[in-house]
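Chain lettering (A, B, C, D and E) follows the sequence in which the chains are written, and residue indices restart at 1 in each chain.
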Amino acid sequence: MYEIVAFYLFSALTIGLFLVTVMSKNILYSMTSLASGMVLISGFFFILGADFLGVVQLIVYVGAIMALYSFAMMFFDATRDIKEKNTNNTLVFLLGGLTALVLVLMFAAPIYSENIQALYPMHEGVGNAQDVGIVLFTKYLVPFEVAALMLLVAMIAGIILAGKKMDESLTEDMSADDEIVRETEIEKDDK
Amino acid sequence: MENILSILVFFPAVAGLLGFVIDKDSAKAYGVTVAAIEFLLSLWLWFSFDTASAGMQFVEMIPLIPDMGISYYVGADGISLFIIIMTTLMTLIGMASMGETKNIKNMIVTLLFLEMTMIGVFVALDAIIFYLFWELSLVPMLYIIGAWGGPLRVYASIKFFLYTFTGSLIMLVGMLFVAYIYHSLTGVWSFAITDWYALVLPVDYQLWLFAAFFIGFAIKVPMFPFHTWIPYAHGQAPTIGSVILAAVLLKMGTYGFVRFSLPMFPDASVMAITPVAVLSLIMIVYTAMIAYAQKDIKQVIAYSSVSHMGIIMLGLFAMNAEGLSGSVFQMLSHGIVSGALFMLVGMIYERRHTKLMSEFGGLASVMPKFAVIFGVMLMASVGLPLTIGFVGEFLVLLGFYQVSPIITIIAGTSIILGAVYMLRVMKFTFFGPLNNEENKKLKDLNRRETWSLIPLVAIVIWLGVYPKPVLEPIDNSVKALLNFMDEKALTKEAKDMIRVAKSSKEVK
Amino acid sequence: MLSPINVSLESLNLITLAPMLIAVVGGLIILVLDLLNNKLHKSLYVMLTILVLFIDFGAVLGLNVNERGFFDVMLIDGISIISQLMVIGGSMMFIPLALTSKKFHEYSYPEFFALFLFMIAGFQFMVASDNLILIFVGLETASLSLYTLIALHNRANSYEAAVKYFTMGALAAGFFTMGSAVIYALTGSIELYKVAEVLATRVNETGLMIAIFGSSVLLLVAFAFKISLFPFHTWVPDVYEGASAPLAGYMSVVPKIAAFVVSIRIFGMYLDLGVEWVRWTILILAVITMTLANIMALVQNDVKRMLAYSSISHAGFIMAALALDTTEGNTSIFLYYALFMFTNLGAFTMLWISRHKKRIFDTRYDHPYEKFSGLVQTMPMAAVIMGIFMLSLAGVPPFSVFWGKIYVMQAAVNAGYIWLAIIMGLNSAIAAYYYLKLIVYMFLKDPVQDAETVSYNMSRSLMVIIGFATAATVGAIFYVQPLISYLYYMISASGY
Amino acid sequence: MIGLSHYLVISAILFSIGLVGVLRRRNLLMLFFATEVMLNAVNIAFAAISHYYNDLTGQMFAFFIIAVAASEVAVGLGILIVLYKKHGSLDLDDLASMRG
Amino acid sequence: MENLVYVALFAPFVGSLFAALFGMSERRIFVGIVASILIGIAFLASATLAYNLLMTGDVVQIRMMDWISAGDFNVSFGFVVDQISVTMMTVVSLVSTVVHIYAIGYMDHDKSFNRFFSYLSAFVFSMMVLVMSDNFLGLFIGWEGVGVCSWLLVGFWYHKPDQAREDNPSISPSWAANEAFIMNRIADLGMLVGIFILYWNTGSLQYDEVFAQLPYLSDAVLKGAAIALFIGAMGKSAQFPLHTWLTDAMEGPTPVSALIHAATMVTAGVFLVIRANPLYSMEAVEGVSFFIASLGTFVAFYAASMALVERDLKRIIAYSTLSQLGYMFAAAGLGAYWIALFHLAAHAFFKALLFLGGGNVMHAMHDELDLFKMGNLRKEMRGTWIYMTLASVALAGLPPLAGFWSKDAIIETAFNEHTYFLWGMLVLTAGMTAFYSFRQIFLSFHGEDRYTALGFHPHEMYKFVLVAMSPLAVLAVITGWFMGSYKAFIYKIGESVQYEMSAHTHHLANYLGLIVIFFAVTGIVIAYLKYARTGEKAWKRDEEKEQGFFYKLLKNQYYVPKFYEEFITKPYMMLSEIFWTKVDLKIVDGTVDSIAKFFYGAGDKTRSMQTGNLSNYLNWMAVGAVLLLTIAAVSAMIG
């Protein structure tokens, strides 16, 4: 019962919040609702017994990612309303709706099978974090390390892209923009 | 020298590579020397060729990609032998007579590469090697037309390239399919034509494959309605380009029919007689009429070329030794005659920078030598007996008469229509009063031009009077081919249609 | 309580990790070197990178076929070895392009080379696993590095390119994860060998087809994006235009090889299960891709952009081979890319050599066709070589790409898809036009520039690369046989 | 009782919302938000499947997805910064210098 | 003997080559002399051969070398000297010799003197090949060879400009040459077809082998071969409807007209029919033969009718040639091959003489050919006058000159075959012949002097030319006397050439002859009354009459050339233009180009898909994904 209530509550809230995220004209609302949605999603994780995941969700998403976004937002001075020209809302919603429909149809299929044996079963009476830890550091050690590498890449990327050295370009001779040496007519119809 | 074919193929290419370092002013001498050596080599090939044997000679085989069954596999028989010699000859003469001075070094190098690809096509016994040279030959030609051509040269060269390229890609699919069938029957990959000959294909496969090869070859020939690239190519190409194009490149198409379509798909070939004959008729009559309507001398010869190729096509599908031998012989004769005609037009073009008939008239008085040689070539072109043009045309018509008298008679109008448009050229260019002031100071052929044409005149007459040395080896190979087709044919209709020459023929 | 886990070091088969580790360590060394001395010249890093890759290459060569390692996460089968070799080999060929005579922004960063090596490691992980997680993480590692490398070219266009690539990549990642989720829901596993096993038992269950199809579509979208199939190809021209020429050339080969390996693993699985729908979807997408890209390439005014479209078209070509699901088809993928790589290397290097910091010929393009007009008169050798590359791309024998094309077409014919072979042939014919266009400019038009402007960036190492690419393009006929037999052996050994 | 399908459906709906966001957003930063929504939607699916199969793999996947999302944000923001420095705008519509 | 054959054959060839060596240099009189001598040698050789044949009856057959062999087809250069060919050889070489010598004088002032002899000798060579060959293909070589030489010689004065048809019915020498060549080519196709038919049914082209097979062939084949070969003959011998070229060919120098377009080449068609007499005498082809005879008769009359009103000296002679060829065909068609051959020979002599005489007049009148501008030339050109009168008498068929004997025999044959209509026509034509030949003589040599007023100062031809013409004059007189011995000579060849009048005809022969003579004399008398008198009764042009329908019809050659121009040449040109500009460029090439344009255009269109806007790209991606998903869902639910 508690699960049902929680599920529907969280569902309604996440859907609502994420709708705000994608629809709102105000970046602040958008971001706030995103953050709240993520918190609620960690709620799902807790319902589903994925405690560790829920915590990671909170820490990484709500903590790290949202923090990054808010810094970025400040940097971009994007607190004012965003003017977006949406030329083709019908298409967008049609696509979204269709996607939802097809995915729902897919998931409505008898996708779940009793016969499937869990490869890495959760153990009764063992905390989720422990279970996760064991699998993560045995089977998924390599992906884990690669993820570390990925984060390193992301870090380096972030640093050098945001770094001062990028302000001056060695690639482009800026003067070129002003004086085009020669205008050549492009022969469009030469066969 | 068992590997003379390889030498023939690669000598020009190596010479072409080395040609890059030759000084600009000596480039032409270099090119002519190389072409002359190549020509001598090809004569040597003839000399050491066993004319009595009908099979492949000087065969070389080096596996290149055994997993795909591709090997460097070359050989020559009576059919290819003379086309090779013609190729080397026309390259030599074309080069020697060339008046081009712009970027001469590039031209020489290009021509030498072109020569390699042309000879490669005619000696290849592996389908992929054939295809390789076939495609590669487009590139130098593209450059020649495009770089030294007339005002529409870019359009013409691209059209030439793309058209042929498209057709040959379809042909390539056909080749791949044959290889696949060969593999599924024997378990071995092979692109060797001689291996493919052993394949006995069901008739419906034959038809599809015939169609695939047909597209490739027909565009090259060029058969109606795939011929429209050729007026542009000829019209825009420099003289040397037209000479090589008409003399050699077009022969690749007809040669392909002999090498691939006929022996591999005998039943389909027999079934295709009527459609091919109809297309050939259209080529013969329709293009002859178009030639008549031309205002530009070169275009007349270009269209006449198509018309003559129609005769060759007709002979190929006569399914008897007379027609087929005649057809192969006609390839040589057309090569030499149309090559010479293009050279002649080029010479006048160099002097006057126009090819319009209306600009000329009465040239015979100021350029008698030119007029005489043009006249000889004209007569050969319209198939006058005792010139090279007659032998082939006569044999083709003779051969096809057995297949269909009506078609032969319509095709025979080529001797009339050919005369109609060629004589028109003669009349408007050489005869009549010499009215145009500019024409009055025209110089007759100089030594270089005369001496590059005289060998052709000599050949035109020699092979018209005594074609035997050439015709005999061709005939041997053709007879072997027909025998082979007859044995291989599945359907009775095909067996009936293919007429094997018998040495001792019963008299009715 | 959980019982303690005992894992023997041997069972981990750590050697399977060695190649990637070499690349990663190499990247770290470069970072450390930079920390110690930030005045080092780029040539040092280039050479270091090459050396690292050299060792990496050796390590891959030393791997045994069909081994698993590290709790079966690592999968070293034939295609993973050959694809790693090609990734590393391709990288080794492209990285010396940093040694231009002029300075370009990205190469002033030592981090560029570190990221480059990390990216290679990412690709290696991606291809050396059948675990969707590792594939995903490896893919993202490589992609994130690549986005950065593109942006590091440091001009407006390259940012734009990076943003476009990045955003679409993020969307593709979404589809990939969703697809994985469906697969996971279907089979309870994300390891492809296990997935295949379970799916084989479930494939006939009623009502499940929609999920199987759906999963294939979601994954297809993700990889079609990487491979650049229609309509997921839209990023390619812009990214190639925005990126530097070496990187564009690199992108046209190496990431695609990695993506193809994963595609072989995933879609090969579907095809083996008898899901014909996937085959037809891929075939149709492939055909549309090659045709449409060809058609769009016809009207391009910029050589690099044209090459971008051409690489889309080539990718469509190869994707069709993938749908054949035969050993020959799969061999042809690698053969094609190996041969394509040399030609593309050459072509993009030529563009790179001619790259200016100013846009002299056009307000927008770096390499408009006009730039090369009459090249044969000013730099005959360069024109001839570039011409050879173009002919090779057009599929004119005996240059390298032709052998790839003919092998693909033969594979199609052998699999009974003659119509496909014909479409491939006709597409080659269309494609010939735009390659010819460059040849026309180089050979048939009169020069508008002097040799200086075109050989602006020329340096000895670039000449070496060009020479190498030319030799490999021209001499393809001599090494195609060993290449085929090696590839065929490796692929059939790994059961594809 | 809440079954797997419930979670999957909510995941599907959230995924579609994310997609809608990706499609209609013109501001790059907000577009990035939408991609996060999509990834989160998938995470729900993974966690749910994991739960119902009693298998940890799904959680692993979700875990890595979060890691990837984090890295993407870092790189993405880095690119946005250089872009913003150059263009002074994050609007997609200003970003069409390369076309055709 | 074989050597003689080669001498007869190749002496002209050597002459031609010799002359060709100097072809582009200044006029050298010795070129003409050498060429003439070589032709003379050929004549001597031919004559020796003829004598030898007459004495021994041994037919010489030689095979020089292989020519074409492919498949089962095999043909070589082989020559046969039998009664038929030796007759032709002798006639051809004799007339040629005379014409060569004549030409030295006639072409005296032409700067292309050497070239002329080269062509002329080449023609003789071709003609010798034609008549001597022992197979159809060899004959075809000569056939085409003479065609080319005729083309070269008719167009010899190639520099003359084209004129309107009203001013000059032949338009220009080059035009006439082309016309001749092309018309002959049309007929040659027929000939080729005949050759094909014979080859595929008999397996050979050797005369003897082919003829040996004839009895075994089906009627259809025989008919086909006969028709096809005759089509060939029609072209060369200018039979209706392929006759227009012959009169136009008069644009060539007069020696050419004499040699080619009167004595030799044009008779090749007759020769072919005679040569193939075993074929034409087959019962199956009786219909064809009768058609030949009828056509011959028709042409005889038709040509003669046009000659009645012609003013151009040479064209009159050309019409008369045409008419006489009709006679020959009539004879050949009726089976009297030897008579046809005999008339051929006799005609060659007197017609050559006539032409050469005409040449003298032309030379004297500075190429003016209008009879109305001459008159009373006899006082200046006595020799020519005698020659021409002699030739005209022969042509008119008055005894005892050559024309009488041969022509009379033909007319008699028509009677003998009970084809009385043909006989009537031929007799009538004989009268017309006499009229127009004497009209020409009277208008030019008699009557009033009209040329002085126009500023002409005619003079007689060189002496040596007149001397050279004398053999022809002699032969024109005496040939007929040897008809009997010739009959004996030629009968040796075999049954098929033998032709005897029935006893009935033989009985009436004298009366028949008288009828012919009567008509001829009547024609001459009318001509005299109308044209030869002087003073008051002198002939005056009647402009009004010239507007009459019949006059105009005849004058315009029954509008046949006009018809050809309007209904063949012009439509052909138009159709060619349409094929080129409309069909080839617009449709065929247009299709090809439109395919290319389609792709290029499609590129331009699809290009706009690449908007550069990221949002669009994302849309594309989503559309693709959603579409695929939907299709997947639908197909999964269906299938």
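To be clear about the criterion, a contact is a pair of C-beta atoms (placed from the backbone, for glycine too) under 8 Å apart; a residue touches a chain by one contact, two chains touch by 3 or more.
Here the structure is a predicted model, which means the values were calculated and not measured.
Among the remaining chains, the Cα-based centre furthest from that of chain A is the centre of E.
The busiest chain interface, judged by C-beta pairs in contact, is A-D. Nearest to the global CA centroid, when each chain is reduced to the mean of its CA atoms, is chain B. Taking the mean of C-alpha positions as each chain's centre, the chain lying farthest from the centre of chain C is E.
Work out the mean CA point of chain C and of chain D, and you get 25 Å between them.
Rounded to whole angstrom, the centroid-to-centroid distance between chain B and chain E, based on C-alpha atoms, equals 36 Å. Chain D has its Cα centroid 3 Å from the Cα centroid of chain A.
Chain B and chain D have centres, each the mean of its CA atoms, that are 65 Å apart. Among the residues of chain C, those in touch with two or more other chains are 133, 137, 140, 144, 147-148, 151, 154, 163-164, 167, 171, 178, 185, 188-189, 210, 214, 237-238, 299, 301, 433. Counting partners per residue, chain B has 154, 158-159, 162 as the residues that reach two or more other chains. Residues of chain D in contact with two or more other chains: 4, 8, 11, 15, 18-19, 22-23, 25-26, 32, 53, 55, 57, 60, 64, 67-68, 71-72, 75, 78-80, 82, 93, 95, 97-100.
Within the complex, the chain C residues that touch chain D are 132-133, 136-137, 140, 144, 147-148, 151, 154, 156-157, 159-164, 166-167, 170-171, 173-174, 177-178, 180-181, 184-185, 188-190, 237-238, 241-242, 299-301, 305, 364. Taken together, the chain C residues at the contact with chain B in this complex read 376-377, 380, 387, 391, 394-398, 402-403, 406-407, 409-410, 413-414, 418, 421-422, 425-426, 428-429, 432-433, 436, 439-440, 443-445, 477-478, 480-481, 484-485, 488. If you check the complex, the residues on chain C that touch chain E are 163-164, 167-168, 171-172, 175, 209-210, 212-214, 216-218, 220-221, 224-225, 230-232, 234-235, 237-238, 277, 281, 292, 295-299, 430, 433.
On chain A, the positions that touch chain C within their shared complex are 102-103, 105-107, 109-113, 115-119, 123, 125-126, 130-131, 134, 138-143, 146-147, 149-150, 152-154, 156-157, 159-161, 165-166, 169-173, 175-176, 180-184, 186, 188.
On the side of chain A, the complex with chain D involves touching residues 3-4, 7, 11, 14-15, 18-19, 21-23, 27, 30-31, 34, 37-38, 41, 44-45, 48-50, 52-53, 56-57, 60-61, 64-65, 68-69, 72-73, 75-76, 78, 82, 84-86, 89, 91-93, 95-97, 99-100, 103-104, 106-108, 111-112, 116, 118-122, 128, 131-132, 135-136, 139-140, 143, 147, 150-151, 153-155, 157-162, 166-167.
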